[in-house]
Amino acid sequence: MNTAIYPGSFDPVTYGHLDIIERSAQMADHLIVGVLKNNTKEPMFTVEERLEMLREETGRYANVEIRAFDGLLADFARDCGAKVIIRGLRAVTDFEYELQMAQTNRKLAPELDTIFLATDLRYAYLSSSIVKEVAYWHGDIRAFVTPYVAERIREKI
Amino acid sequence: MNTAIYPGSFDPVTYGHLDIIERSAQMADHLIVGVLKNNTKEPMFTVEERLEMLREETGRYANVEIRAFDGLLADFARDCGAKVIIRGLRAVTDFEYELQMAQTNRKLAPELDTIFLATDLRYAYLSSSIVKEVAYWHGDIRAFVTPYVAERIREKI
Amino acid sequence: MNTAIYPGSFDPVTYGHLDIIERSAQMADHLIVGVLKNNTKEPMFTVEERLEMLREETGRYANVEIRAFDGLLADFARDCGAKVIIRGLRAVTDFEYELQMAQTNRKLAPELDTIFLATDLRYAYLSSSIVKEVAYWHGDIRAFVTPYVAERIREKI
Amino acid sequence: MNTAIYPGSFDPVTYGHLDIIERSAQMADHLIVGVLKNNTKEPMFTVEERLEMLREETGRYANVEIRAFDGLLADFARDCGAKVIIRGLRAVTDFEYELQMAQTNRKLAPELDTIFLATDLRYAYLSSSIVKEVAYWHGDIRAFVTPYVAERIREKI
Amino acid sequence: MNTAIYPGSFDPVTYGHLDIIERSAQMADHLIVGVLKNNTKEPMFTVEERLEMLREETGRYANVEIRAFDGLLADFARDCGAKVIIRGLRAVTDFEYELQMAQTNRKLAPELDTIFLATDLRYAYLSSSIVKEVAYWHGDIRAFVTPYVAERIREKI
Amino acid sequence: MNTAIYPGSFDPVTYGHLDIIERSAQMADHLIVGVLKNNTKEPMFTVEERLEMLREETGRYANVEIRAFDGLLADFARDCGAKVIIRGLRAVTDFEYELQMAQTNRKLAPELDTIFLATDLRYAYLSSSIVKEVAYWHGDIRAFVTPYVAERIREKI
């Protein structure tokens, strides 16, 4: 597998995301983590902050690159010269949405394929929204994100 | 089956909808496609535009009528003299929502029944929102909607 | 809808099946209940007994006919001059299996379509196997099958 | 089971909620129904009105207490001295969301456990939003809520 | 909660079962683990061996009793004076089957209720069959069962 | 991705399997298709016949090798020097079973990861059992398997 893309919002990056990045970096020669500039939802962190946190947490992987993108994932993949998209799967509802995106992307860019990795069981029910919800009410988020990200969240609240 | 209703938002009509309309028109003596005047979501097309596109694409079926409605589907069915509602099923999440609506409608109007048709596999993961998302980023939507509808979407963007 | 087929094993017929038959008989001009001669599973009732019980319980519907079949459902439908297959849906696992059969049948006989009816909530978790299991242990099956069928089951055990 | 919590929005309380409350009250020595002060969604009823309706409808259970809360459910449970959270399960999508919350709560408060009750089939597809939608269009909601709650909804519309 | 039953085949008992037993024993005054004498499937262990292993592994809980049963679960519950059945939930397919059993049991014994506990994530995909399959091929089963049970399995193979 | 394994029964190989093989062969440097010597189910084809058909149909991919195996998949992967297992996903029930196997394999061999590919929509409901069932009743299987495999099936029946 030459170049692969792992796209997401990463608002903020959790241990679940980091698990997928670590495993993907072992499979792909070059892994691009694509941070979506989502304009519709109100994010907690700006794209720049999200890029910064991801770079901090993935610096030790030589073949991982962090980039922002907007527009269609198929177009971003083409720009990157990537043939493979990587997605984590947690639950059945994930699965259906992800299948929909994968099939749509194959229509838009037939040369582009999507592979799914099952989220590690320890993070099977973890999401960025839950982390933010718990943090908002001053709950303990150390089981969900790295100390560095936990600190950044605390600054925001 | 005398009169049947196929309700939806059709914002805009896709090949998936047209497949269900064609198959339903073969089962029912009279098929009414009901376009929901949805007030809560911001549609891309007005109700009039959606009616117009549906009429353009279904003109060749003698027994298909296109009508707008708001309020409860059970009330609209009664107004139309319809005993059967037709719904397309794509995936598991569809299935649960559709079951909920079907059971609620039977409580509200016991004489009203709902039948489900499995979406053709080619359109199994197609939705109006995906078409709009792809069109917004200038992606190719010709696999999803007719040339006429594609043109109308392009005018909007 | 001219002729429709409602296929199954009906070993034995339950209130859930009878609910689907009653609702289908209102939609189709002619409804054929097809009893599968399943050779792989060991049935409780012979095909003849299953036909007899169905005829007893559906005699009051003038447009319902009970017939046995083996082989491919698509071939049976063609023999009957039926264009529509009717299936009841109870749960998500049903849904996936049924979708698989519907899509396979459309490949084998493109003129043949399948419609699904949601099982009435009162029978949403009812199956012939559960009835037999409960009857085997002398449990009360009157909520699941008609008095006549209950009597026939009792004779078998 | 000493003290248990049944949390929710109850906007408004339906027959489905009342079924879970009645069954839970038989299992727990002390049952606290926790009404979430949800700040993000626009409720139909204020927290005070929701508390009032619940008190009216559950007055006959000596061991049931109605309380409002905001913040993390795990913190509310600790304040109440409760070790058990009770949740109703209707469908597969419920199931996944509920599992996510249960696992998150065990991370936040390991001494806290969650038990699930299957919603009675009669209310398997009932939700507060459907009740409000039907009421908004002047549909008949007597199968979904008590006469008292139906009256309160009518006043709002 | 006075007396509760946790039924199963326990062929053999896994860490997943023991997690449910431990948590249930904290909720119920008296917990009966019911070992099903399943006659249709060929078990690895006799009922006596399964009772023995469960007694060995749960001896430290003063309020847990291990008993064998056959016939309908509803009848066994009545014999035990239990009003509550406890079941572990792992995945969506579990969920549907369990709902079916719970609803059937409420029909057979309306005074009997079923509560579900979400399996601990560490054991979310663990089953007795997988343990036996892995053991059969001399794989390492120490993550799945206690040392004592592992030894008993080894003796069988 | 260096060496990857795509395991299965392939009794017989379908267009669905061939689609996964073609896509996997583009991702992995070396792809081993592992044919399981399943002893419990009665196969239509011997392991030798299944190997032969796969070799015939995949001869044009220079980096694909066909091998038989029994025992634990984790042991076979180790023998092959493979770090990645590839599995096709069709539906929700597939998804849960596959997740179970993937998580079990990570326990048995932590260095071994599993990736999932979504089955092409044209084959989303295709399985070897359906092919055999249709063939048994002399249905047309040309949409499901290659002409060569169709011929081999015909010889068997």
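A, B, C, D, E and F are the chain letters, set down in written order, and residue numbers restart from 1 in every chain.
Criterion: a residue touches a chain if its C-beta (ideal position, glycine included) is under 8 Å from a C-beta of that chain, and two chains touch if they have at least 3 such contacts.
Everything quoted here is computed from the prediction, not taken from an experiment.
Student: For chain D and chain E, which third chains touch each of them?
Tutor: A, C
Student: Which chains lie in contact with each of chain E and chain F?
Tutor: The common neighbours are A, C.
Student: Can you give the shortest number of steps from chain A to chain D, where adjacent chains in the path must touch?
Tutor: Counted as steps through touching chains, the separation is 1.
Student: With centres defined as the mean of C-alpha atoms, identify the chain lying farthest from chain B.
Tutor: E
Student: Among the chains, which one keeps its Cα centre farthest from the Cα centre of chain D?
Tutor: Between chain D and the rest, the longest centre separation is with F.
Student: Rounded to a whole Å, what is the gap between the Cα centroids of chain D and chain F?
Tutor: Result: the chain centres lie 47 Å from each other.
Student: So what's the Cα centroid distance for chain C and chain D, whole Å?
Tutor: About 38 Å, centre to centre.
Student: As a quick test, compute the distance in whole Å between the mean CA positions of chain B and chain D.
Tutor: Averaging C-alpha atoms per chain gives centres 34 Å apart.
Student: Among the residues of chain C, which are close enough to touch at least two other chains?
Tutor: If we look for residues of chain C contacting two or more partner chains, we find 92-93, 96, 99, 103, 121, 124-125.
Student: Pairs of chains that touch, anyone?
Tutor: A-B, A-D, A-E, A-F, B-C, B-D, B-F, C-D, C-E, C-F, D-E, E-F
Student: Given the complex with chain A, which residues does chain D contribute to the contact?
Tutor: Where chain D meets chain A, its residues are 71-72, 74-75, 92-93, 96, 99-100, 103-104, 107-108.
Student: Of all residues in chain F, which touch chain C in the complex?
Tutor: These residues of chain F touch chain C: 91-93, 124-127, 130, 134, 137, 139-140, 143-144.
Student: Touching residues of chain E toward chain A in the complex: what are they?
Tutor: 92, 121-122, 124-125
Student: Which stretch or stretches of chain B touch chain C in the complex?
Tutor: Within the complex, chain B contacts chain C at residues 1, 23, 26-28, 83-84, 89, 92, 95-96, 98-99, 102-103, 113-118, 121.
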